[in-house]
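In the two complexes that follow, chain A is the common piece, with chain B as its partner first and chain C second.
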Partner chain A sequence: MTLFFRRLVRRPLTLFGLVLVGLHLLVALVAPWITPYDPLKLLDAPLEPPTEAYWLGTDELGRDFFSRLLLGGQISIIAAACAGLIAAIGGGLLGLASAYHRGLFDDVVSRLVEMKLSIPSILLVSLFVTGFGQSLAVLVLTMGLIYMMGVIRTSRAMGLVILEQGYVKAAQLRGESSFAIILREMLPNILDLLTVEFALRTSSALLLVSALSFLGLGVSPPTPDWGLMIQSGLQSIRSEPWLVLAPSLCISSLVIGINFATEGVAGLLGLEAARGATGK
Partner chain B sequence: MLIAALRRVLLSCITLVMLTVFIFIATEIMPGDALDVSLSADEIAMIPPERLAKMKQDLGLDRPAPERLLSFLGGVLTLDFGKTLISKTPVTAIIGYPLRNSLILAGAVLLLAIPLALTIGIAAAVWQGRAIDNIASTGAIIGYSIPEFVIGTVLVMIFAVAWPVFPATITASTNDAALTLLAASPLAVVTVLIGSIAYLARLLRTGMVDALAKDFVERLRLTGIPEWRIVFLHALPAAIVPSLTAMALYAAALVSGIVVVELVFAYPGLGQELVRGVTRREVHVVQAIALCSAALVVALNFLADMAILALDPRTRRA
Partner chain C sequence: MTELTRRSALLGATTLLAALDSALLGTASAQSGQPKRGGTLVYAQCSGNRRGGDASNAKHPYYMIDLITRSAYNTLTWVDEGLNIVNELATKLAPTDDKLNVWEVTVREGVKFHDGREVTAKDWASSFELHRRRNFASQQIKSTEVTGTHSLRFFLDAGNSEFPFVLAEYDNVVMPANEDFQKIGLTGIGTGPFKIVEADPQRRMVFERNENYWRKDQPFLDRLEVINREGQMESAINGFRSRQFDAVLNIDPRLVRQLSNEPETDVVPASSGDQAVIILPKHPGSPFLDKRIRQALAFAIDREAIVRIVYGGAKFGWMGNDSHMAGTDPMFAPRPVKRDVAKAKALLAEAGHPNGITLPTLYYAPQWPEMSRYFQVIQETVKEAGITLPIEERPNDGYLKFRQGEADVTKGNYHKFAYTAVGPRNPGISLFRMRGANNESGYWSGPAHDRYMDLYRTAMVTADAAKRKAIYAEMQQICFDEAPALLPAGRNNVLIKRPNIRGLNNHPQHWSITWDGVWKA
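Showing the complex of A and B:
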């Protein structure tokens, strides 16, 4: 473990990424207590320039922009992390089960994965939002499902390698159930992979959720959210460009941080994260 | 070869049918029917029950779901996606030109992205671990970490607001000629291009690094063949074949990127229609757009499979 940290320090970009993510998480966590104003309250004239009272001015409705910026990541981060968790756990178990059972189960799962990979993520979310209505729960579940498919692929491939190991054979000879073998013998061996997958899928989900909010299909107003803030800031891009730049910087630095950190940590764990195969 | 090709044709068809069924189920079967989805509860409460029943009958919603699924499948086969629920415009008329426009945008992006990504990917792999590789790899991570709408907005700020050389939004109309449309939207093309190059260059670099580490490359070097011949004539084909599938899958991400960028620049494409369709809950429009792009991705996957079959004799035995 100390060796792991010593190697980590030698990778400046990884460290930079970890610090960025840490800062973002910290701000998102303590934001409700440190915002100078109520983010939903109309305080002053709209589109005020930055002053001592309002550090980043007011937005198009006269709400304190700095307070909204501090809170703007919360919902997306929670939604993306939930989706990443669903994807990593569900995908890991399904991938292992599919590797273990082969046969019909494997065929069905593989076809489903292939099918999903043919529908662009934004369209899949659009379909579900049209069918089930626009809610955060629908969004999280759909994203979890979307990113689960990629995780199934990687953990199935790793499961096939693990199946060849002596301890799986030993467990089979002991007469343990397939469920117990998958959970106790195989799952612990892909925890590294699942951690990396969780981080990768969370960063993809963040990009997707902010894009959806930007399109008006994700987080609904008046909740402060970076994607929404960029969208409404576009109208005053000529006179108040910081209303667009500040949330752009926030969402970009968060995703860049996650990806730098994941890339480095995956390299240290000996996993091939160079796939970047998550797509957007 | 022929059997392997036929098998892939069949698999693609099965995938398409399953996708169609899935799209139908996701939008129409679950809660209520298409009418409940496109009207709000208040609107439904306002309509007298007998008129509501008549509307449902007109739309064919009183029939059982399996029957509607069959007629949906039949409609898809004849490229008839039905009419919008409220204005009764045929869906094909709504998405025709936007589909063409989105394809133009995607084509322009790919035409520029592939040579640029090839150059960067090969250079990074050949000079692996050197400055150029580090810059390219770090740049790629940054490139695909920034949301498309942020890249687009920043480009607008630089090239349309601070230094006004390009228009911020696209003024071309939906049925303009292809070149007029592209000439009006350079910033939109560049926005999608940045993410695409980041993704594809990274993919090609990985493939090239793997290929250059193979034994056959070492053997070629020992026979004294010049390095540039090894890179371009021997390693590159070996690198491209395994990345073809991943490239075809990239088409799905490209569609998502294009949807967003179209809204940033008001480009008259499918993305506009999609968002309008979802917010107005026009089920048939959303279905048709989802189906078109899914069919595109399946078709590209099929082409990639065929290219692999043609280029790599080992796969023909399957």
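Showing the complex of A and C:
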């Protein structure tokens, strides 16, 4: 562990990424207590420029823009992290099962993965959201399902390697069930890979949530959300550019932070090859 | 090297003078406002039309992409920008007696369809066979009788003092007669200033000048193109900035301040426009069966805040009175009481909700660009009265079906607690929309509704406008007392255009803009 941290200190970009992610998570966590105003309250005239009272001015409805910005990452981060978690756990288990069982099961799963990979993610999410309704649960489940496909591929590849290991053979000889072997013998050996996958998928999901909110398919108004804020600020980009720039900066800094941190941590865990296989 | 001879010098000088002359004359024409022939005008339409057609009917007036049927078709009458009725293809229009249920019309002679055939009263009678079956305002027409080559009579199921306004409805155009009324209008042949040459359903329509148009020397444009950009106002405005479009119709009024400062941009507001109807369904189990909850909601909504925040003030928005009447109508009666949060709370307590109430989700579609802001303001302002109002935006596409469903109470399908838009019309048509049988009233019923409909029937047979005004005032008072539906505020339509586009007037009825006198300087 000490060696891990010593190596971490030698990677400034990784540290920078971790600090960025940490800051964002901290703000998202404490935002309800530090916002100067109620982010939903109609306080003043719409589109007021930044003043001492309103640090980033007011939005198109006269709400405090700074308060909304502080809270704007909460929903996106939660949705993206949940989707990343579903993708990592679900994809990990399915990939291992596919590697373990091979045969028809493996063929079906692999073809399904290939089919999904041929359809753009944003199109698929739009279809699901339109069909099943615009709710956070639908959004999270759909994104989780979509990102699961890439995880299945990498975990299946790792599973095929692990399957040849002696401890798996020993468990088979002991007569353990396939479920127990996958869960107890194989899964713990790909946890580091799944950690990296989780981070990468979360970063992609974050961008997707923002894009969907921008398109009106993600988070619904009046919830403060960076993607939604960019969309409504776009109308006045010429006169009040900060309404677009500030949330854009928040999204990009968080995504950059996750990517730097993930890359560094993956390197430290010796997972460059696996990371490459995710198709990042 | 080419030699400069006296001959070539004279030729060059003549050409230069001719060019100068043409340029100067052209400028003079433009400055003097003399209309000029020629040119193509391309405009984008931002308002949603939920009746857009498919490949089989896209040229039919009922399914045209932006409801601006008047580019290809004509009606007997037209409502002008001041909401006054004027004759279009009718030259004379009058009731036969004071029962007001039989109206005689003389139609303009010499009017030709796009295929060159002259329009007769038979074509009108045939067209109204379709309209009376499909258009809500024309359902009162029992039959028509052709009384001459250019005259016909309309027989109504009851008197209607404002029948000329019914004839101005955008559906009620003339199309070539066809014995099978279901086939009428599918060819796209009308009498309007332009002929339809291309129809890409729900996306784009292209028109060319009608050389046989009945208005002498009009239209001035050679070609007219409309591009559908409903729900995509940003893309429409960017198209305008990049000169893809000469005009953009029905933009968000909030953008006026910004667009007024942009080069080569004229902002043209209309005197009024659509308002939002919040439908309060009254099916079994609905909280809106209780009048006090409807009233509480009506008292809690901050209408002034909607006008101020959503529309940027009274220049581009107006407060509604929970009837379908437009604020600019001379017979409009403003709500007698202002917002009253305490009263709203008291009504809720009386209805058994002393700690507030959570209402079902209110659905809306971005039919107008400002709708998201509109409902966020409502949601936030009713909170003060203890009303929790969840809102959800649905896409324009399929919205009508989504909110109406099959509306079959026996099957458990109810019309949703949802928004729809309604345009400004004459009081007769506007107030008729709150009838119990119409979904916009949430299928309102009861003694107050019956009284409302009695008053409506009386107004329809009252020829005296002053007496009608008193009746309409009482009907609006019933809407205020009963709140069968909520119509908190409306917009003034706004379009933007290039300064060289002349003669393009905006209209409170976004479907009634005419292109006959529009020209390019």
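Just so we're on the same page, the second predicted complex is superposed on the first by the 272 of 280 C-alpha atoms of A that agree within 3 Å, B and C clash if a C-alpha of one lies under 4 Å from a C-alpha of the other, contacts with A are read in each partner's own complex, and residues count from 1 in each chain.
Rule of thumb we're sticking to: contacts are C-beta pairs under 8 Å (C-beta built on N, C-alpha and C of every residue); 3 or more make two chains touch, one makes a residue touch a chain.
Since we're looking at a predicted model, the values are computed, not measured.
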{"item": "Which of chain B and chain C A:Gly62 touches, first, second, both or neither", "value": "second"}
{"item": "Which superposed partner A:Val161 touches (first chain B, second chain C, both, neither)", "value": "neither"}
{"item": "First, second, both or neither for A:Leu23, with chain B first and chain C second", "value": "neither"}
{"item": "Partner chain in contact with A:Leu234 - chain B first, chain C second, else both or neither", "value": "both"}
{"item": "Chain B versus chain C as contact partner of A:Val244, first or second or both or neither", "value": "first"}
{"item": "Chain B versus chain C as contact partner of A:Ala211, first or second or both or neither", "value": "first"}
{"item": "Partner chain(s) touched by A:Leu40 [first = chain B, second = chain C, both, neither]", "value": "second"}
{"item": "Per-residue touch tally on chain A - higher for chain B or for chain C", "value": "B"}
{"item": "First (chain B), second (chain C), both or neither touched by A:Thr130", "value": "both"}
{"item": "Which superposed partner A:Ser121 touches (first chain B, second chain C, both, neither)", "value": "first"}
{"item": "Touching both chain B and chain C, residues of chain A", "value": "130, 216, 234, 238"}
{"item": "List of chain B residues in touch with chain A within their complex", "value": "14-15, 18-19, 22-23, 26-28, 30-31, 37, 138, 140-142, 144-150, 153-154, 156-157, 161, 168, 195, 199, 202-203, 206, 246, 249-250, 252-253, 255-257, 259-260, 263-264, 274-275, 277-279, 281, 283, 286-287, 289-290, 293-294, 297-298, 301"}
{"item": "Touching residues (chain side chain C, partner chain A) in the complex", "value": "233-234, 252, 254-255, 257-258, 262, 305, 309, 312, 366, 372-373, 375-377, 379-381, 391-395"}
{"item": "Chain A to chain C touching residues, read off their complex", "value": "40-42, 46, 60-62, 130, 134, 216, 220-222, 232, 234-236, 238-239"}
{"item": "Of chain A, residues touching chain B in the complex", "value": "13, 111, 114-115, 117-124, 126-133, 203, 207-208, 210-211, 214-217, 227, 230-231, 234, 237-238, 241, 244-245, 248, 251-252, 255-256, 258-260, 263, 274-277, 279-280"}
